[in-house]
Each structure stands twice: as C-alpha cells, then as structure tokens.
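So, here's a batch of structures to check.
You will see two complexes here that share subunit A, one where it goes with subunit B and one where it goes with subunit C.
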Partner chain A sequence: MNTSSNRTRLLALVLGICAAATLPFWAGDQYQLHLAALIAVYWILISGLNIVVGFTGQLSIGHVGLLSIGAYGFCILAGKMEMNPYLALVISGGLGGICGLALGLPSLRLPGFYFAMATMAFALIVNEIILAQVDLTGGGIGLVGPLFTEPFESPSGFYYLAAILAGFATWMTWNIARSMWGKGLIAIRDNPVTAQAVGVPVFRAKLVAFVFSGVLAGVSGGLFASLQSYITPDTFVFDLSMFFFVCIIIGGRGSIVGPFLGTVVLTALPEMVASLAKLGNFFYGLLLLIVVLVIPEGIGRMIQLIYERIRPREIASIPIQPEPEKLHQVLRASGQAHAAIEVKHISKHFGGVAAVDDVSLTLSPGEVHGLIGPNGSGKTTILNLLSGYYEPSAGDLLYQNQDFGKTTVQQRARMGIARTFQKPRLLPELTVLENAMVGAWSESTSGFMASALALPHVGAEDRIVRERAVELLQGVGLGAVMHRRANLLDHAQQRFLEIARGLALRPKFILLDEPAGGLTSVEIEHLGSVIRAISKAGIGVLLVEHHTDFVFRVCDKVTTLNVGRMIKHGTAEQVRHDPEVIRVYLGA
Partner chain B sequence: MLTVLVTGLAIGMVYGAVALVYNVMFSTSKVLSVTTGHISMLGGVFGAWFIINLQLPWYVGLAGAVVVGAVFGWLTDVLAIRRVLARSDEHLWLLSTLAVATMVQQGVGLWWGTEPTPFPRLIDQAFGAGMADQKFWLPIILAILMAIGLELFYRRTLYGKLFLAMSEDAFAARARGVSTDRIRAMSYVLSGALGGLAGFAAGQLTFAYFALGLTLTLNGFIALAVGGLGSNIGALVGGALLGLLNAYATYWFGGEYQQTISVGLLMVVLLLKPEGLFGSKRVRPV
Partner chain C sequence: MNNHSSRPDEVLLSVRDLHVAYGKAEVVHGLSLDVRAGEFVVVLGRNGAGKSTVMHAISGLVPKRSGSVSFAGQDLTQASPGQIVQSGVIQVLEGHRVFQTLSVEDNLMIGTYAKSPHGDRTKLDAIYELFPELAERKQQMASRLSGGQQQILAVAQGVIGDPKLLILDEPSAGLAPMVVDRILTVASELCAKGLAILLVEQLVEKALKHAHFAFLMETGRVAAAASSTEIGQGDLLHRVFLGGGEPLSESEKKV
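Entry: the complex of A and B
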C-alpha cells in the first residue's frame, strides 16, 4: 500500500533470495542442506495447495495422495523405464494434474465436509492401489528414487533445482493472488453468492485451481522421491497431509508469506527438537486447534493486526461525496442497451405458495423502474428471477426476443444484468477497490495460467479494470476510502460499494434491492443523484424500495405488487394516487 | 456364502452405529464431527484396557467404555464446537474437530501402542461357533437397539423433542427459551456414550486399534451419506449396504480394493440421489 512497507517487503524478498541462493555455502552440514531441499520440495506442493485451501476455501486433506502419485510416477518412469529424469518430472506433474482433475470433478461440487472426506478417501485409495499393483510399484517393498543428472545430481545441485522450482511456484501463486483470478477465488471462499453474481463460474474456477495444485503436487512428488532416494507406501502416511494442511492454516488464509513461514518452521522444528518429532501428529493437531480457537485468521494475519495496533491507521469516517457528472461520463463510455427486458406473465411457486403470480413489466434502457409493495409481495423474488437465482415456474423473460429465463446467474452477468443485495454481500478481507474490481470479472478474459505466468496482456487488462473501478468509486463517492478494507466500511458505504461493484460489470441493466435501507436523508439524496446519473447514461434501473417518496421522486415508472400479484402499473403520479395502492400499501 | 453375509452385516452395522452417532451430533449442532469414529475407537481401546489390563469384569469394562465415550463427547463440544459455532465461519468446525481427532488418535497411539490388540470375549462361547459367534451378532443387535432407542427418545421424551426442535430451527428453539448450549452439550454426551458403546460391542470384530477412528469416521460417514443425513433408518440401511458390498467384493475380487469400492458406492449414490436414500430434500437457500 504505502511505499515504506513496499520497500521493506522488497528488501526482505531480496535478502531471502540471496540467503536461498548461497545456502549450500553456509549450511553447516549435509543434513541441513537436505532439510533445506525438503522445505523447498514441500513448499512446491503447499504453494499450490494454498491456492485451494487459503484462497478458494476448499479444505482438501488428501494432497498426500497426489504427492504419492507424482513420486511413484517419477520412480517408475525415471527408474524402471530409465526415462530422462527431467522429462519424467514433467510427466509426474501432468499425472498429478490429471488425478487432481479426476478427484475434483466429482468432489468439488460437494459441500465442505463431504469434500474433505472425499479427498481423505482419495489418499487412502491411492495407497490401496499402490499396495495392490505390486508389479508396477513394488507393493509394500517400494521403489528406488532415481537421481537427477548433472548439474543437479549432487545434493547441492538438487537443492538448487528444488529451490528454483519452488521460487517459480511461488511467483506463479503470487501472480494468481493479485490477478482477477485471485479475487474471484476469494469471492468463492467468502461469499459464493457474490461470486456468482459477478459472473465467476464457481465450479470451473474451483476445478482449475485444484488441477493447478495437482500439477504442483505431482512435481513435488517427483522431487520428493529423488530426495528421499527410496519410497514405500509408508512414506506417504496421512500425517503428511495433516502437515501440509496445518502449514497453511497456521500461516493464514489468503496469504503466501504466512504459509511459507509455516512450512519452514514446521519442517525444521520437529527435526531440531526430537521430542516434537515423537509427538508427530499430536503436535500438528494441537497447533491446529490453538490456531482455530485463538487466531482463526492465522499467524500472518496476527502479525498484520499487531502492526496495525502499533501504528494505528486513521479510520476517520469520511462522508460519501458522489460526483454524478463523472459517474455519468464513465458509464456513458461503455455503450448502452438498445433493447428492453420484457417480463411476460411470469410466476414463481414454492410448493403451493405463489410468491409471484402472473406479473408483467418492461425494463427499458435509461429508465428507472420502481417496484413497491408490502413485505412478502414478491419484489425480491422478481429480482431473483431476473438475476437468475430462481427459475420461473411459468412465463417468459425476454431480451432481444430471446427467452433467458433458464440461463445461469453467471450468464445473466455476461448479458449485462447487474444486481445489489438487500444485505450487502461484500468480500470483507479485500479492499474497497478490489471489491469493485471483482465486479468486472466477466469482462476479464485472461485464463488462469496466463495470469499465473503474468503474460503481458493480463497486466494491460488488469490496468483497464483498475482504472475504471477507481473512476466508478470516485463517481459513487467512495474515492477517499478506496484502499480501506471493506469490513471497515460503515453501512452506507457498503451500499454504495455494492452499486459500484454492479456498475463495474458494464451493465445494461442494474437491479437495486432496497439500496436506501438504513441510509440517512442526506445519503438518500446522494443515492438519488447516483441513480439518476446511471439512468441518464442509458442503463435500465430496477429499484426495489420501501421509501415510497424516494421511489416516486426518482422513478419514471412504478409497479405495485401485493401477495405476488400486480395491482397497479404506471407513471409515479398515476400509481401514487391509485386508490387500491393506497389501500394495500401507502395508507391514506 | 452365508458367512460373507453375516460378516458384511456385522461390519456394516458397526458403520451404521457410527452413522447414528453422527446424526445425534448433527441434530443439535449441524456439525459433522471428524471425531465421530474416534469415539468408538476409544470405546474399544478403553474397554480392552479395563478388562485385560485392569482385570475388571466385562460389565464394568462396558460401563467404563461408555463413560469414556461420554466424557470425550463432552470434551469435543467444549474444545472443538462451543467457541467455533459462535463464529460465523462454517468451515472452522471441520478444522477444530479434525484437530481434536488427530490429537486423540496420536495420543492413544503413544499410550496404547500402534498394534491392533485382540478384544476380550464378553460371553463364554467356544471359538468355533462360526456364524453364531458373538463378534457378529453383538454389533448387529446393538446397532438396531440404538436406532430403536433413539427413535423412542425423540418421540417419547421431552429432551428428545428438544433435540428435534433444535434440529428444525435452533434459533426459534432459543427464542422459545430452550437453553441451546446445554442441549447441544447433552447431545454430545449422549452421542459419546453411544459411540463408546458401539466401539465396545464391535471390539471383537475390529480389535482395539488406535487408527480405527479415521476408518470409522470415513466409513460411518459413507453409511450416513448413502442412507441420508439425519435419518436413523437410513444410517442402518446405508451401513448394511456398505458392509455387504465390502464383504461380497472381498469374497469375489479379494480385499485389495475395499476403500475404492466404498467410495465408489458413495459417489454413485451422491450422483443419483444427492440427499441419500432416506434423506429429505432441502430447498437451496439463496
């Protein structure tokens, strides 16, 4: 964020690289060198697992199975079949990726505990197969782990190979973490509904991350076999999976430095302190329990919190100051809708209850359309139907004469339908700017690997998204708090940030679910100017709201619902004076 | 052939009993605890310790195993559930129960040893009894009794109804004055006692073995997911299916791919009927 901490980080990075590069010269003995190589090998796996566990929030406790596959693959190819060891290592990575895909395809759709159990079962299955396939794997006797050829044959040579690959893996995960993918994965972890709303293909993104971790686990396995020089099924005990997992949880989720430190400490500590090695898993279990109970965010986060305690940052409340003119210009630049959304005789039933019954309305570009009615009249249901969270029981949703009633939430985002939520759904650990950038997910076309390798076009695309998000935030009046973490925002700021995130999608239509709820009268004025700027730029706005005078002030058209049925539709003036609307909702 | 059937049913009912224990905990806390299988492991190990090492009569050993299970159930709630449920993050309980399970397993391994130890005979019976051997019918009878007892408990007693009320809507139960923390702690003590009992009854079949916990946690979970989360009859049916499948697969193809087959069953059921055979479909919350 600020330059001084950036400089400290750069310095730490340079020192770390220097230390790692010269390690064989100052390491005391062969054993310490072996330990350093082991840390590097483990880190290759853990850095990939970190993307799955720490960023995407999928608790895989079976990665030892993927390590095992990589190790056996390497031994069979480079040892038994005498293949070139470097080629064998590449194939091991591929094997890890394929098995990751095979494991992820059925299991990543399952909820948390089911997924964890499936990964654990996978590790047991791999061991079972290895024990059974005696001809290939040597069964319980095991296989010799072949050495690499010069210049990486000697222990120090091997260390360099492992360290270079570990550095490469770190660089890739770091690139992912700061790309759109990193934000999308964190959205899956912290708020899957938001992730869908901005267009993140949740299952596919999880799968891609998981396969990536599988490749790294396979490579790590190949190196591991070579380093250990002999492997048996007993080498790949479940304890090892626990170890990987604990390194990440202790290090802290959403961090890369934290899990790295966790790996270094937890690999080295039991080797140095013999009594800890004897306790083995008991020690990991205890650490895990303490971390979960005392500092669930992990040690990385704790250091950050202590730092903030020592040097408290000013978090003065800054009032929202929208710049409607600027907002209008930013939105104007991204092209407008030419057609309207037609809602035709739409119904939604839950069991026997008709939440929405035969409602029709037209949402035109550049028009603010109000949706009012008592609680339970079906307003939010219509919003959920339009944004794809519900499938209509009957009726059509038409855009450019195409029925989109059965498309997914993500496809609606790509169509240009953005929404906000009644209860703001932000990503608490990301900054305001990053939250707004997540909204532009469907605009970014960079693939996962392109992001991991930081290809030039990724950076260019990222800059465009960032610049536009900054302008949008200034437009809705959050320019001053852009770099604050979202969980430090007050309620009104959260509501405006939701709108900015929706606008980052380059929407043709935006659906606002009670945006004025809990706002002060001044803030409602600001909201009004923001909404007018949005509609003036040619975007269709659907406004669900209870502040009726606000609705009648900003809306061009108003639809009134009661128990799922439409009772009056027309201009604000017509609806306001309709006797039926007054009877069921407005009151005399 | 009949031996295969009986063996399969017996081991299946052990899994079914563990699935019942899952259900009791899940009803009040909506938590699937990794420690579930470890409770039964403790029941087996402590039962053997009381009877073999301390030379106590079998009924004292049984009572001891139940008490140890209950205490561990209560500890699970205190250590791994109580503080974690207060936070909003749903994944934390998976981590905390995994941590407790790992500690218990390693602790027992260090104290009791890592070799499977034969469990003592409970009833005087010759070893050549074949299919009528107590090691088969003890777990079968016990699991069925447990399921019937739980149904009666839920339907006939006030506390059982409180469990059901919490399982329907813990928030509403709390608003009606139910002390949800206390009821949850009670359900963990109850599930611990049942788990200890199941582990004791299964001892002759499974041996007293420190690493049994994880196997039971996984297979009990498979029985639960196949039968349908929350259903007691489903737990028994799921367990029986899993046990029989394993036994027949071993009989026909050899025992090398047991785990693979079990997980295969789970995946097939989850694909065809995600809520399990006897589970209830829930509307997806948005």
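Entry: the complex of A and C
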C-alpha cells in the first residue's frame, strides 16, 4: 500500500530469513534445533490448512488424518520398502492430495458445521484403520521413521530441508493470497452469493484448495515421521488436529503472518515453559479463549492495528465524482452485445405462490429497461431468474436463440450477465480495488497451481485486471478511495462499487437492483450519468428502482409489474400516464 | 403536516457535544441535537455525513468517544443498547434487518420483548391493521418476503415495541412510493398521538413535508437546525447536498 509499510515488511522478511538460515549456529542445543524443525514441519501443514480455513472459510478439524497418512506412507515406502526417501516424500504428498480429494469430494458440499464433523470423523477413521492394518502399519507398535540421506541426514541438515520446504509452502500460499484465486476464495468465505455472481465455481474452488492443503499435509507427515523417528497411532491424537486449527484461529483469518506466529508460539511455549506443557490442552483452550475475547481478529490483525495506531489513516468522507466519458471509453473497448435477451412467458412459483407469472420482456444491447412495481411484485425475482439464482418454473430465457434458463449463475457470468444487489454484497475485508477486481474472475484463466507458483502469465493477467479495475473505479467516481477497505465505505460508495464490480466482468448486460436506494439527489444524478455511459457503450441495462422520476428519466422502456404479472409495458411516457400504473403503484 | 413555528418546551432526547470515532478516525465531531416531546424531527445530509453513526451512538450500538446522551431526564451516555430500549428509545436500523429465519409474526413478537418478557400478542391486531401486507403473511418466513416487505416488517417491529421515541433510519429504502407515503403518514399519526419521531431520510421533500423540525448534517457536524419549512425554503439545503462548498459561517449556521 504505502512504501514505508512495504519497507518494514521487507525488512522483517529479510531478518526472518537470515535468522532461519543461521539458526543451527546459534541455537543453544539439539533440543532447540529439534523444536525449530518441528515448527517448520507443522507450518508446512498449517500453511496449507490456512488456505482452507483462513481464506476459504471451511472449518476442517481433520487434518491430523492427512498428516498420519503422509507419515505412514513415508515410513512404509522409505522404511519397509527401502525407497529413496525424497521420492517417498513426494509420494507421501501425493497420497495426502488423493486422500484430501476423497474426503473433500463428498464433504465440501456440506454447510460449515457438518463439514467440520465430516473431517473429524475422517481423522478418527484413519486412526482406526492404521490400528487395524497390523501387517502394513505395525498396529499399536508403530513404525520406525527413516532418516533422509546426505546432505539432509544430520539434525541440522533435516532442519534445513524442513525450513526450505516450509519457505516454499509459505511462498506458494502468499502467491495464492495475492492472486485472483485468493480473492475468489475470500469471496467464498465472506459472501458465497457474490462469489457465484462473479463466476467463482464455489465447489470446485473449495475442492482445489482442500486438495492443495492435503498435499502439504502429506509432505508434512513424511517429514514429521522422520523427525519423530518413531510413530504409532498414539502420535496422531485428535488434539493435534485441534492444535493446527487453534494456530490459525489465534493467528487470524485471511493472514499468513498471523497463523505463522500462532504456530511458533503454540509449538514453542509449552516446550520451553515446562509448567505450561503440563497444562496441555488446558493451555491451548485458555489461550484460544483469551484471543477470542481480547483480539477476536487474531494476532495478524493485531500487528495491523498497532501499525494503524502509530499511523492513523484518514477516513474522511470523499464525495463520489464519476467521469462518465472515461467510463464510456473503458467499456467501449471491451466489445458489445449484438443480440438481445428475450424473456418469454416466464413464471416462477414458490410452493403455491406465483412470484412471477407469465412475464415477457426484451433486454436489448445499449438500452436501459426499467422494471417498476409495488413491493413484492416480483422485480427481484426476475433479476434472480435472469442471473441464474432461480430456475424458471415455466417459460424461456433466450439469448442468440439458445435457452439459458437452466444454466448456473457462474455460466451466466461468463455469458456476460452482471448484477448488483439490493443490499450491497461486498467483501468487507478487501480493499475497494480488490472488490472491483473480484468482478473480473471469469476473465482470469490462471489455474490454482499456476497462481501458487506465480508463473509469468499470471502476473501479466493480474496487471490487466488491475489496470482495468482502476479505470472503472475512476469512471464510476471511486478513484479517490480505491485503497480503502470496503467496510469503511459509506452507503453510496458501496452502491457505486457494486456497479464497478459488475462492469469488471465485461458484461453484455447488467442488472441493477435498486441502485438509487438511499442515495441523495446529487448522487442519483451521478448514478444517472454512470448508467447512461454504460448504455452508450452498448451494454443492456435492466433497472429495478423505486425512484420513479429517475426511472422515467433514464429508461428507454419501462415494464410495470403487479403481484407477479405484467400490467403495462412501453416507453416512459406511456407508462407514467397509464391509469392502472398510477392506481397500483405511482399514486396520485 | 402542520409545521410548528415554535418548538415544544419539554426536551425528550438531548445529545450534547457527541464525538464518535472508528478506531482513531473521528467521524462525528461535537454534534448536538435534541428532540422535544411529541415532535417529528428529521436529520438530513449526504451519505457519509455520519447520520447513521449518530443514530447508532444514541442507541448504544457504537461507543461514544465523548459527549452525552440523555432521554426524558435520564442519562443514557453509558447505557447498554438493552437499557436504552427499556427506557423507551427504539431504533429501526437501515437496510431491512429482520430475523430471516423467523416468521413475520415471531419477528413482531420479538419487538414486544423489551416491555413484556413473554411477548405481548394483544398488540398484533393493531399492527396488522396499520400494515395489512403483513397480516396476509403472518406465518411466512421473513426470508420469503421481498426486500421492501422486509423493510415494512422492520418498521412494524419498531412500532410494536411501544417506544416513546422511534428512530427510523432510512425507512424508505426499497419501498414503493405509495408505501413510503404510508409509512411516513403512519409515523405522523403516531406522532400526533404523542410519540416522538427521529427520522433519517434521503427523500428530502417527503421527509420535510412530514417533519416539524430538521437538522442538516455535514461531515459529522450539525450545519443547520431550523423548522422544516425554513430548511425547505433556504438554499442551505441545496448547498449541503451539493457539497464541496466552503464551510458555513457562524451566521449561516443559525439560519
């Protein structure tokens, strides 16, 4: 953000790396070296779990199961079968990934709490299987954890191996966090409806993140077995899973530094202060309680809070100043729709109630189409049908003679249908710019691993998305607050940001749900100029709104609904003077 | 509505020198306003001026940095939101916030809990009479209502609590024009029966039509306070909403 905070961060990073690289030379004894290696090994697992828990918001408490699969896989391959330990470590990672897939595939569809239960059951089942398969796993007696070969055989050698892999894992998760994937995963965590609207394939993205964490858990397991030199099912108690989870929670979600500090503190403290070790789980519980009560946002956020206390950031209210001409130029460059969306005799029933009943309308490129009517007349339902949140009970939705009524929300986004929401649905912890960038999700084609490894094309793509998002924000009038966190925006700014996010999708059509709600007359003027710039660029606009003067001013066509049925359709002038419309909606 | 030329003497709500900050950044800078007994007061101002923040501070939903709030002679500066509701100040929050997974009727019952711990069903009929669209949907889950209907429910939830002062934060958002008129008329009628109203609204003309007295807010301060007729006629209103002008001089503040 600002350069001095970047410099502080860079300095901390360099110092951290130097400390880690020279640790075997200044660590007091073998035990402390062991502890450092253990932290590195745990962190490999936790960094991956952090993507699942802290970023995607999926509460997995079963990662100890994946850890033990990696550990046993490594012991069996490198010990019993005398395979090259490095190859065995790679295979352990693969095993972790495969088991992560097998666990995630059925369970990631479950809502939060049930998913956590499923992962817990998985961890317990894995332990039972290991106990039962005596021939392979040694049952209760356990297995010897083989050493690595030179140069990583000695304790300090092992430490370097673990530290290098931990560094690599950190680098990958950091890359993900700052890529489009990171923003998409946070969208899943904070607002799944928004994630869908911008085209994030919610289930697939969760699964990919989970498999990634499985691979890291497997690798961590292999290293863990070698470090502990002997493993039994008792090594992988369920408490360990809670430990991983607690490290992330006290570290703070959506942060990488926080959970890392959490891991260091929680691993080292009980070992260094013997009296704490005796307390065991009680200590973790107490620490968790303190953190949740005192700094619910975690250690990572605390650092940021301290920083903000030293250098308070201004959150002065800055009025919206759109640049319609600029907006028009930016939108013009991304190509226009050539065909109209035809809504034909569409109906939607909820139980016995018809929310929308036999409505037809045409949404043409470059046209502003108003949709008005009393509360509960079906306006938002039509928006939900067009953007794919509802499936029509009857009737067709046609674009270029194709019926798209049954496609998913994400497919609609890719088709070029963007929308805003009656209550703005932003990602509160991301900046304004990042919120706008999320809108361009469908445009970014980089895979998860490409992003994790920061392949060159990812950066190039990211730059294009970022530059366009900046221009769009300037266009709608939010240029001055671009780097502000979205939860600091006032109501009007939130509404305009939703429009910018919708436009980032390069839409052919944009559906606006009460964009003028809560705006002042001046802001409504600005909204009008933004909408005109959008339609002038060839984008079709569907406008649901109660500010009727505004609707009649900006709309080319207006459709009026009442209890789900269309009562009048025509130009603004025709609708405005229709006696039926006046009777049910406008009032005298 | 009738615009009193002079305000009633009895001060019901008194906010003095209120400062509110989010973290280090102060957003309300020494604001004072009052609502007199039986008065309909509107607070106008641009988005970001701090109107909702002031309302939240009055209701105890955000901490006050300094200043005082008293209601009917009782000091509420340090009171919890629950105590504030008990004392008769009920706020209808902006953005149709109702309990999504409860039925319409249960949402209304919750509104009565402050006064009667087991809920008071006797008031339901009167509410259904005021808001017939809710009567039709008593047993429906609130999530099944449209956004506008949820907003009506939120207002009804405030009214059923039988407040002495009802704070309405942008009740018009998401409502059809006719319904906005009805809600404001209901508020005026309640006011005529002795309830004081504190309204935050962006539909300036409609709000001024119903209110007796108006406060104009600009970046965390009161820029002007006068009867709604005077505010409606002055060009100050125009200037505040266009923004960007130089700060008001002392003489202008008095209108």
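We take it that the second predicted complex is superposed on the first by the 586 of 588 C-alpha atoms of A that agree within 3 Å, B and C clash if a C-alpha of one lies under 4 Å from a C-alpha of the other, contacts with A are read in each partner's own complex, and residues count from 1 in each chain.
The rule is short, and it goes like this: a contact is a pair of C-beta atoms (placed from the backbone, for glycine too) under 8 Å apart; a residue touches a chain by one contact, two chains touch by 3 or more.
Here the structure is a predicted model, which means the values were calculated and not measured.
Taken together through their common subunit A, the two structures put subunit B and subunit C in a clash.
Contacts of A:Ser317 after superposition: subunit C is touched, whereas subunit B is not reached. Look at A:Asn384: by the touch rule set out above, it reaches subunit B but stays clear of subunit C.
Contacts of A:Asn281 after superposition: subunit B is touched, whereas subunit C is not reached. In the overlay built on the shared chain, the residue A:Leu110 is in contact with subunit B alone; subunit C does not reach it. With both structures placed on the common chain, the touch criterion links A:Cys18 to neither subunit B nor subunit C. After overlaying the two complexes on the shared chain, residue contacts for A:Ile125 are found with subunit B alone; subunit C is out of touch. Once the two complexes are overlaid on the shared chain, A:Pro296 sits against subunit B while remaining clear of subunit C. With both structures placed on the common chain, the touch criterion links A:Phe350 to subunit B and to subunit C. Only one of the stretches 1-9, 37-45 or 109-117 in subunit C has C-alpha atoms clashing with subunit B after the fit on chain A, and that stretch is 109-117. Under the contact criterion defined above, the residues of subunit A that touch both subunit B in one complex and subunit C in the other are 350. On the side of subunit C, the complex with subunit A involves touching residues 22-25, 27, 46-50, 52, 94-96, 133, 144-149, 151-152, 170, 173-181, 202, 204, 219, 241-244.
Against subunit C, in their complex, subunit A makes its touches with residues 305, 308-309, 312-319, 350, 373-377, 379-380, 422-423, 488, 490-493, 514, 517-523, 546, 548, 585-587. Put simply, subunit B touches subunit A in their complex at residues 32, 79-80, 83-84, 87, 89-92, 94-96, 98-103, 105-107, 110, 214, 218, 221-222, 225, 256-260, 262-263, 266-267, 270-271, 283, 286. Contact residues of subunit A toward subunit B in the complex are 57, 59, 61, 106, 110, 112-114, 116-118, 120-122, 124-125, 128-129, 131-132, 193, 238, 242, 249, 278-282, 284-286, 288-289, 292-293, 296, 350, 384, 389-390.
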